[in-house]
Amino acid sequence: MRSDQREVNQLRNVTIETDYVKHPEGSVLISFGDTKVICNASVEDRVPPFLRGQGKGWITAEYAMLPRATESRNIRESSKGKVSGRTMEIQRLIGRALRAVVDLDSIGERTLWVDCDVIQADGGTRTASITGAFVAVVLALGKLVDAGKIKKLPITDYLTAISVGVLPDGQEILDLCYEEDSKAHVDMNVVMTGDGEFVELQGTGEEATFTMPQLQTMLSLAQKGVEELVEMQKEAIGSYAEVIDNLREKASNE
Amino acid sequence: MRSDQREVNQLRNVTIETDYVKHPEGSVLISFGDTKVICNASVEDRVPPFLRGQGKGWITAEYAMLPRATESRNIRESSKGKVSGRTMEIQRLIGRALRAVVDLDSIGERTLWVDCDVIQADGGTRTASITGAFVAVVLALGKLVDAGKIKKLPITDYLTAISVGVLPDGQEILDLCYEEDSKAHVDMNVVMTGDGEFVELQGTGEEATFTMPQLQTMLSLAQKGVEELVEMQKEAIGSYAEVIDNLREKASNE
Amino acid sequence: MRSDQREVNQLRNVTIETDYVKHPEGSVLISFGDTKVICNASVEDRVPPFLRGQGKGWITAEYAMLPRATESRNIRESSKGKVSGRTMEIQRLIGRALRAVVDLDSIGERTLWVDCDVIQADGGTRTASITGAFVAVVLALGKLVDAGKIKKLPITDYLTAISVGVLPDGQEILDLCYEEDSKAHVDMNVVMTGDGEFVELQGTGEEATFTMPQLQTMLSLAQKGVEELVEMQKEAIGSYAEVIDNLREKASNE
Amino acid sequence: MRSDQREVNQLRNVTIETDYVKHPEGSVLISFGDTKVICNASVEDRVPPFLRGQGKGWITAEYAMLPRATESRNIRESSKGKVSGRTMEIQRLIGRALRAVVDLDSIGERTLWVDCDVIQADGGTRTASITGAFVAVVLALGKLVDAGKIKKLPITDYLTAISVGVLPDGQEILDLCYEEDSKAHVDMNVVMTGDGEFVELQGTGEEATFTMPQLQTMLSLAQKGVEELVEMQKEAIGSYAEVIDNLREKASNE
Amino acid sequence: MRSDQREVNQLRNVTIETDYVKHPEGSVLISFGDTKVICNASVEDRVPPFLRGQGKGWITAEYAMLPRATESRNIRESSKGKVSGRTMEIQRLIGRALRAVVDLDSIGERTLWVDCDVIQADGGTRTASITGAFVAVVLALGKLVDAGKIKKLPITDYLTAISVGVLPDGQEILDLCYEEDSKAHVDMNVVMTGDGEFVELQGTGEEATFTMPQLQTMLSLAQKGVEELVEMQKEAIGSYAEVIDNLREKASNE
Amino acid sequence: MRSDQREVNQLRNVTIETDYVKHPEGSVLISFGDTKVICNASVEDRVPPFLRGQGKGWITAEYAMLPRATESRNIRESSKGKVSGRTMEIQRLIGRALRAVVDLDSIGERTLWVDCDVIQADGGTRTASITGAFVAVVLALGKLVDAGKIKKLPITDYLTAISVGVLPDGQEILDLCYEEDSKAHVDMNVVMTGDGEFVELQGTGEEATFTMPQLQTMLSLAQKGVEELVEMQKEAIGSYAEVIDNLREKASNE
């Protein structure tokens, strides 16, 4: 039995609130149970130096937690004067994942800055960030389309992420809350497209190891979670969902 | 006429939502119009080195803005590797102000960490931070009282802050929104107690100067704003308001 | 009775030595009693990036103390690798104040670097810095005029600063020395023009508060101090005083 | 056909030279083709603060490249004043992997510092680092056993790592050299034990995605590579191999 | 002919003003022509971690220049966030030199902080710093003796430093001013004791080389300069000179 | 008798292995006994900002030690976030020395990056670095000549460095190993050209002093060592030695 009575393959209650903050081109508050993340996508009309003059765009993600998003207060990274290894890993992961489903060649020399700020943390903040960030990015790119700055929505597929893991008793579970995460022997983050292909797979034995059959079970759980999350993303992005579905259909026909 | 049709002595719509985030001992979301700040107060059971062994407590405030709290995105201070002068000034102000109304001798060797994180900015973020932080601190200290860790609420008075300024046409106004703030000739932040005494007064001519009569008008406006804000704080802290009022009455009788 | 026998409204012995260091365009050693500050103004023929191409100038101030300017040695900020919040506050204040009386549009794309280095500290270093820096800036700008690089002295008024405060016994005093400053309940820095207008007003209750009548008394003391300081500045800048007075007269006639 | 004529499931030429540097307790030069990494394991007789007093040990890994280990020179991280996100990710991975096969409870309050310094890079530096670091750690722990400081070799299994990937033409391959790595659509690093269990699995689509069948093929390739690497590790550690095999047999019998 | 008409073996005008700043235990303003350095020696009642518990003391020197000590303004090292290589070299040199003539075993667990702050620079700032710092250290240690904290002045000999060099025409000269220094082919700093022994010798060909005979000539010039500087130091330290001379005589008799 | 049985004027076993790493234009592994340094020279087709547009080149050297190059492990400078004073001193010395024998006007707007990475340390790492770096630089510049990018080898003379010192018993010795270095009273590094001229001379009394006769003896020892090292460099650079000798002969005839 899971600590919050969920089934082993059951997601927490997930909500996606759009237009949460007024200034960003795309803004989302996403919740996975008690995990709450503000995902803001901002459009900047230039690219990093290494891309200048190539006519293509870029996506950079940043991730942070409010100091008291967690049970005990963390020192602010701006006070420490440097970003932790964990933060770097997460923001590199978010950016890489988003770049896999956005056609950077079609957005011109623009940078999408994606800021994922965790307001309250209860496990799964990086997967919630990716899932919410995708919605914020669609909204921001949609505004570029609506403003006639780019021709069509440069999204090749949905993008969601979910965590799976193995409890000490060997049970594989979907969408770990903090209590589960802190005692799990294996922790795996799976980033997938709407088509069910892998974008990123990161599994870690925490001073433990895992077997091939455990891997297969975790991947199945992840697949189920991802399918449900894609449905929620469709609802959140409204009419853009149809646009994406049409684009995917077209692409698969080619 | 003000850009948002307010009277010159009228506050924006102010709301204070308590228990906004679940982990902190005191948590508040305060809004002044479109300015929204999360104020979290955390209790740590030790004090900074310079106070150790003296039996008294301390309050440290930190202030930050989400990168896209503002109209255009700001670089994250953790990425820059250092905190800006503006941020330092504000967090030093918040901490100093709170320490003026908390009896640090009565809270034991504890530090109150007060985090003010601006989610959306539209002018007056530092005064909103102080006004909200006071509520978060009362809630956090209230929990210490309820848990029997300290004997009585160590609050000597209410604490609120508000901005006043002078528009280019010479009109003094209360509670500047961003649009007003960016064109004002004078910008003044006033921090006051419930008793109407000054805790901090910071007035700046922005490549301009101001006269004694203008100062007096601004101070009157501030006083009116502060009185209204104290009423909202009382409502937000509920039964603790009565406790503070009793303590103040006792103190003024001594 | 004050610790150094002064009247409550009496300045310390103030001296202003010009051309103190040979390289800077303007160089001053200013003393307020035992507080001694070297104020150097340097002219650089370009402006910060945010001003480029606008044809106007800028003033940037930096402030520092020798490690042993104070009773006990402070760690050098260059060794700590970062500038403290206090230093940032002070140098932002100095720069802002000077920009209020210098016509930046008339100096071309130049930056005035104003360095205030405290050699010996005994209270009031930031107000001494502003008062001395004004003189250094006049000297530096005067050299630009003399060299024909700008047409006329772009100074709109005198600029001086002084501290006032409230002692524990409730007595308001002018120009606090360190011993007074460290025990004062209220500390206020007032920056004023020769015309008696406010440029900056910063009053702080040090774990204390102050009333409206106390504020009024402190402002009167400050006004008296400022008037005396302007006379000393006039003497220090010599013939430039007449130029400034003429310019002010002209401006007030327009 | 691969750029260096290898079969798709063929490792590069791998060599492991022990006792490469004289000071460290364990020192190895490992080569995977033109990739050369010095792996040094140092024993320190204390643990990081968060572990003090618990009687158990810790492993910390650091990773770096000589500036000209690569085709074009990289700026030294000590000159930049900070460690890159990539470096942090890799050193966190190495440390986590080693901690999975070392019984930290049995080594007392000691830290093993594992330094992986890449002298020449041609792809696969992180997997080479893990594979070589394991050998260095065995040698260092062996010295502790020989010196009677710990009772028995606290190694629970072999630990090796290898990269697999998918070329643009869809071909899955084992042990990518730099040329292959830079054009591959998928890059996966697999860390496994001698028992064939997963310690870490990190697969990334590089602006691309991968399917479940591709994942399965890559895992098979990795398994083959890992088996061969374990044999080379056995040879490198000499008599310690027998010790580890005995310990594993005992453990599996329990 | 030298730019300032001096003989090749002639020092600039050297002055040493003691008790220049009031707080430090030893304070000196030393001038070599237009080079002016404040040398402050502060006593701290503890030593760096690596010396704790050994009953002996330490000397740490720090060196800095005011931003406009030089012809064009230098960026403040505290603003850059790091100390330059040049500064580090100089402060390491000053500390090392002083430690050669102070008996660290006799001063107890105390650190002498020696701050050399260049107010105006015209070549030879590091040698002026050493020469002035020695006087400041004698004064500070003298105070410890006078206060009965240490038994006798723990100074084993005088310590002075001077620069010598070779001009482009091959002429060796003593005590280079900035104009000479910037065009010299060879620049050598010599630190010597009152007994004429070397403490430090640093000679550098500036994109040039020097021969053995040139070295010998430069060393003779340095010796002459050092002898004159020792006399000035004796005058500056007053009665302590006799104490040092007695101690040296005693030591040479042993 | 020396700890390793050498004569007082005897070098350790010195070897120079060229083309050690495959990517750099010049790469050398140099050993002085147990001291081993990789010296890589990289050519970059631009110069630092202060030299742009002048048509001449530059040489920048960087120096580092692997954390466990030494008997006990040192913290990595990239982890500390700053380069130590010792490192800065050494890399400035290496760069300065090399610039004395390379004709920077003849290499065009190029920077030679010289990286000296100490793999194993046993005293004399800075002198080994210079001696090895010279060879790497010749190889790199030779490649530029061979590629027709510059007309002739822009080397004006050989460059070698060696340490000499005085043991506690007063014996002067050549080429100190770590054990000797750590107890020596005087440590001197001598950088010389093939012509026997000085490039750099740095002698330090380690809490001790040295006399003129000791200096003379040390210089003689250094001269002998340098002559032997030049022979080894000639052998290492092969046919380039003849080129350099011809160039030197021509120069001395002019």
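Observations
Per-chain residue numbering starts at 1, and chain names A, B, C, D, E and F are given in the order in which the chains are listed.
Keep in mind that, in the parts below, a contact is a pair of C-beta atoms (placed from the backbone, for glycine too) under 8 Å apart; a residue touches a chain by one contact, two chains touch by 3 or more.
From a predicted model like this one, the values you see are computed outputs, not experimental measurements.
Number of steps on the shortest path from subunit A to subunit E, with steps defined by chain touch: 3.
Counted as hops between touching chains, the shortest connection from subunit A to subunit D is 1. Contact with subunit B and subunit E alike is made by C. The chain with its CA mean position farthest from that of subunit E is A. Seen as a C-alpha superposition, subunit C sits on subunit D after a turn of 180°, to the nearest 5. Look at the contact of subunit C with subunit E and you find the same residues on each copy: over half of the numbers used there are shared.
Annotation: the A-D interface is duplicated by B-C among the options A-B, C-E or B-C, judged by over half of the residue-numbered contact pairs being identical. Note on chain placement: the centre of subunit D and the centre of subunit F lie 34 Å apart, centres being C-alpha means. Subunit B and subunit D have CA centres that are 52 Å apart.
Averaged C-alpha coordinates give centres for subunit E and subunit F that are 29 Å from one another. Contact with two or more other chains is made by residues 81-82 of subunit F.
Following neighbour contacts from subunit A out to subunit D and onward until the ring closes gives A, D, F, E, C, B.
Interface residues of subunit C facing subunit B in the complex, by the touch rule stated above, are 82, 85-86, 88-89, 91-92, 96, 99-100, 104, 188, 193, 195-205, 207-212, 215, 219. Across the complex, subunit E is touched by residues 21-24, 27, 34, 38, 40, 42, 44, 62, 64, 66-71, 73, 76-83, 87, 113, 115, 117, 119-120 of subunit C.
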